[in-house]
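So that we are looking at the same thing, I have put the structure below in structure tokens.
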Amino acid sequence: MAIGNEVLRDMYTKMLTIRHFEERMLEQMMEGALPGGVHTYIGEEAVGVGVCANLRIEDRITSTHRGHGHIIAKGGDVKRMMAELFGKKTGYCKGKGGSMHIADFSLGILGANGIVGGGLPTAAGSALASQLRGDDQVTVCFFGDGAANQGTFHEAVNLAALWRLPVIYVCENNLYAVTTPAEKSISIKDVADRGASYGIPGIAVDGQDIMAVYEATAEAVKRARAGDGPSLIECKTYRFMGHMGGKEVFEGSYRTSEEVEEWKKRDPIVLFEADLLKMGVLTKADVDGIDKQINAELDDAVTFAKESPLPDPEDALEDLYA
Amino acid sequence: MREIRFNRAIMEAMQEEMRRDETVFIMGEDVEAGIMGKTFGMIDEFGPERIRDTPLAEVGFVGAAVGAAAAGARPIVELMFWMLSYVAMDQIANQAAKMRYMFGGQAKLPLVIRGSAATGAAAQHSDSVHSIFMHIPGLKIVAPSTPYDAKGLLKTAIRDDNPVLYFEASNLSALRGPVPEEEYTLPFGVADIKREGTDVTVVAISRMVHNALAAAEALAEDGISVEVVDPRTLVPMDAEAIRSSVKKTGRLVVADEAQPTCGATAEIMALVVEDEDTFDCLDAPIQRVARKPVPVPFSPPMERFMTPHTEDIKAAIRKVMG
Amino acid sequence: MAIGNEVLRDMYTKMLTIRHFEERMLEQMMEGALPGGVHTYIGEEAVGVGVCANLRIEDRITSTHRGHGHIIAKGGDVKRMMAELFGKKTGYCKGKGGSMHIADFSLGILGANGIVGGGLPTAAGSALASQLRGDDQVTVCFFGDGAANQGTFHEAVNLAALWRLPVIYVCENNLYAVTTPAEKSISIKDVADRGASYGIPGIAVDGQDIMAVYEATAEAVKRARAGDGPSLIECKTYRFMGHMGGKEVFEGSYRTSEEVEEWKKRDPIVLFEADLLKMGVLTKADVDGIDKQINAELDDAVTFAKESPLPDPEDALEDLYA
Amino acid sequence: MREIRFNRAIMEAMQEEMRRDETVFIMGEDVEAGIMGKTFGMIDEFGPERIRDTPLAEVGFVGAAVGAAAAGARPIVELMFWMLSYVAMDQIANQAAKMRYMFGGQAKLPLVIRGSAATGAAAQHSDSVHSIFMHIPGLKIVAPSTPYDAKGLLKTAIRDDNPVLYFEASNLSALRGPVPEEEYTLPFGVADIKREGTDVTVVAISRMVHNALAAAEALAEDGISVEVVDPRTLVPMDAEAIRSSVKKTGRLVVADEAQPTCGATAEIMALVVEDEDTFDCLDAPIQRVARKPVPVPFSPPMERFMTPHTEDIKAAIRKVMG
């Protein structure tokens, strides 16, 4: 793969930013600073970053309830993200959206979605807008293993295939939808195999291996930009935390702690870092420097979020209509 | 002035707006063949990209329209019948209606969804659903009664940067009425006094405007002077016009082809009785004229019985006249 | 195949009954006797009959807007069907349903459906009721090529596969959804191949060949009764008439008359009749006798429908709640 | 009498009815783990067949429940939150609600769908949708305010042979209240006077009953005697009880946590002002207390501002007292 070292470093930085962002957020949650629930991306960083490293600013994504990782991967501003989680006026949505509805249209982030599977048709539509305009922008749709069983999956992917839309469907199969294991909700092993129902490529990759994710996406993006239509990529991954917040009450009841520990051994950041060190792309000192820099940024983000004003109550009445 | 049919007015509005703005396009089932009559032949001028047949997948293509709008296109979705909104409900009620607001004003969603309701087609094809959508903030709702209003309001809808739901009443499609050759648009939120009167106000929606006018005509012979108010858009609703009329007449009948319970009729009654000045002018109980509270049955005697007609409006007027 | 001659004769009789029923209905339609639209099953008789010949009375089906054939195949009474089409009180639904909502719960006919794809989840549910009770009844769900692209297909078949429900999904692929050719709405050639997305058998058969349909269904029913879960059967067939009524206005615009003629050469009744004559199951005299008998029955049905009373208008208020 | 929590009352109702009738079962997402608290632990007694986890597919499993009910089972569907009804809307509004009627009374649909609304979860999780379903004939609708009512009404719902939608208000789940150990059920369509008074009637729905009682208590000190009427079921609605109370007090405030436009509040206002006797007793304009007409924003100051509270009811009462 001919990826420049700078890109690799940027990918690493983004992964670590996501990880630390989520950790900071959980700290703040424990301190009671967050007015709403959060779904963390910890453990799944290779997916969002591996995918988005292939995208340009004008390319678009639709995200999910577990969206922080996608947003950072697509270039989102951690300050405005954190402020949004705090419900502050300076947040991405002026405090109207919270964790589940962060968007940045200027970066092609068409928004996180509280409805599982809700972004599948809108992603097709975003790609349709590109096709109609004749630009070569692509749209990526992230969705979970649970979402793979929503009717929207079927309708949207079929539509995208028929119209050869420049969209890439990325299934983040983290093996569970809340407490429901994928085998209780997906009637076959690989969501990727469902691509065959629409005559489009479907590929399953190791979602802990960022280069595998990157390469599969590169191929799909090439197809999409060339007008050859959609692809389906399934990334096998794992969420290290509970469904919501940090550790959840149901932890242990639906998955064993052995299973969790087993997966944590394949921490995507640890794996990528080792590779980069081995390849000489990063030195240990670089790693420390990046970590420090991220932490400083996140210190700023938390401070910014804390110090930002809450919205005025009456602000609730704004932003309904254009 | 020339007279054209209701359906023709709708088609003209779409044609003119599609010529004016090349990002406007139509999508829906069998729009190319134009089986609902409103897109018939448009394929010749605009081609299959802009008169776009969809697969039979309402949540998919309505969602695609939402996404296309978010990404800069201006889709007009044709639903064969409005009951199909049930199939696509999440994309309308929880995606399109909420996106701009929950993203803190970032999204612009220039999207029109239009369709009609069937008659003689029994329960599942016949729901008049505008009241349901009035309950959901973030949508604009149009219910025209004449070819003139239909054209002017649809052009406004297509130029609007928000999701607009456009309701074409059953039985109106062949109605003829004057429509100027010259271009015009009509504003949202401005009721039209379809007939002036002094004794009783009838607020009538869409098709019921014609029944109200017929009732007014008939009762004029008995010396009852009926004012017929057509709100034209239900969101925004011109409460002021309605209240002014009631303040003048002191009596109100509200007529809508839809179900009464939690319907537009109930809403208009509420708008009147919650306003102190208007309430003080009210000389009689308000009567609503709507469907009887059952699904639409197939057989004509039963369908006729449960559907509101001119006689029902006359009876209601007589009742409030005491 | 070890099918008794009596069964074969009954299958032939049912096919011809459907054909003649639809023809009579179209005659009545031309005379203006029917208050609503109808979708004919002419040309597709081998599917409904070939499938239902495998079913017991207690087995259940969910039907579609194009349902007359399913209902006759499952043993429905032509008198009460015809009366329903006339909107009469003696009809299956007392005139409340019309063509699109005929049901006979005593024969396991859970109803035709006006919503394309609406019966897919309910069929799974019917099968679930059997599974919970521990009986060995099966449920068959008929649906069209258009419906194969509805989200309900995906959600229902996935559910049925996961729970190994005794349900058989029968796609009547007549190549069009109204004017939309299957290749504009299904992104692959065979709907049957979508079985692979759920790990269930998917088989495509010649829907004009009743024995092929019969045999595929026999296999699927065996699986279902044995607790081995659902199957997907795609029957390639063709509607000889327009989408609604007899000949439609759009005839010719979306399919050529050559294509129609080509398919009519493979009239399933003609084919089956020839086989039965060759096999000696029927003689020419038998054929004439059956035809005469069916015509007599349908004379009665039409007379019954004509002479039956219309519902009272107030009947509209009944049958809403149990 | 012992006191138990609202959630516990719901669970007890389901447990008792499942013991009483083995055809009753529960299905929904993560009901086995019981993440919504209302089925927590029930798996131990009833097993996975009757506490049935579904894939993440609302139109699929709600539709399956409809079909299971039509085929003789008695499903209780748990929706995590009621906004998921948008995803399953067709199966609720156009299948379950209409089947019995359109089949001329053939179907029995003993089906309960229950769920809650979220708070602190922003726009997409927070719609209170009962008014939408009130608009659709064929459904029964329950909105309990106390543990006692919750249990008695849910037992009635489970025994009812019609589709019943059961709304558990946000914030009530932990509310404690007296519930007898002995078995009891409560009838539908009978309002409960939660507090007697003579000056003004407050009709309050679900959670707002508690706010109304608090307002009544506070205003009693100012010598205002408030009667609080809790309809308990919205369909059937006890219009008589509401009208009687208004005839006594001459003043009405209506309070509901949902949106005002075409909401249950508007309906109750309409029921009062269309009745001549009640209208004649009305001494003041009717006030409604409901959400402000925007989606629910995330940040607490804005959410609080747009949500109705005790102060809003007090202000409305003062207003109608003049």
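For clarity, chains are labelled A, B, C and D in written order, and residue numbers in each chain start from 1.
Just so it is clear, a contact is a pair of C-beta atoms (placed from the backbone, for glycine too) under 8 Å apart; a residue touches a chain by one contact, two chains touch by 3 or more.
These numbers come from a predicted model, not from an experiment.
Chemist: Among all the other chains, which ones are in touch with both chain B and chain C?
Modeler: Touches both chain B and chain C: A, D.
Chemist: Which chain has its C-alpha centroid at the greatest distance from the C-alpha centroid of chain D?
Modeler: C
Chemist: State, to the nearest whole Å, the distance from the C-alpha centre of chain A to the C-alpha centre of chain C.
Modeler: Using C-alpha averages as centres, the distance is 45 Å.
Chemist: Rounded to a whole Å, what is the gap between the Cα centroids of chain B and chain D?
Modeler: 30
Chemist: Taking each chain's centre as the mean of its CA atoms, how far is chain A from chain D in angstrom?
Modeler: 37
Chemist: What's the distance between the Cα centroids of chain A and chain B, rounded to whole Å?
Modeler: Centre separation, chain A to chain B: 40 Å.
Chemist: I need the residues of chain C touching at least two other chains; which ones are they?
Modeler: In chain C, 93, 95-97, 101, 113-115, 118, 149-152, 154-155, 158, 162, 184-186, 320 touch at least two other chains.
Chemist: Where does chain D touch two or more other chains at once, residue-wise?
Modeler: 54-55, 57-60, 83, 86-87, 90, 94, 101-102, 122-124, 137-138, 294-295, 297-298
Chemist: With chains as vertices and touches as edges, which is it: line, ring, star, complete or other?
Modeler: Graph shape here is complete: every pair of chains touches.
Chemist: Give the list of chain B residues in touch with chain D in this complex.
Modeler: Spelled out, the residues of chain B in touch with chain D are 83, 86-87, 89-90, 93-94, 97-98, 101-102, 122-124, 127, 131-132, 134-138, 235, 258-267, 269-270, 273-276, 278-280, 284-288, 293-295, 297-298.
Chemist: Which positions of chain A touch chain D when the two form their complex?
Modeler: So the residues of chain A in touch with chain D come to 35-37, 84, 87-88, 93, 95-98, 100-101, 113-118, 146-147, 149-151, 177-180, 184-186, 250, 253-254, 310-317, 320.
Chemist: What does chain B use to touch chain C in their complex?
Modeler: My answer: residues 29-30, 32-33, 35, 53-60, 83, 86-87, 120-125, 292, 294-295, 297-306.
Chemist: Taking the complex as given, what residues does chain C use to touch chain A?
Modeler: The contact residues of chain C facing chain A are 149-155, 158, 161-162, 184-188, 193-194, 196-200.
Chemist: Spell out the part of chain A that touches chain B in their complex, as residue ranges.
Modeler: Interface residues on chain A, with respect to chain B: 60, 62, 91-97, 101, 103-105, 110-111, 113-115, 118, 120-130, 132-133, 139, 151-152, 154-156, 158-159, 162, 318-322.
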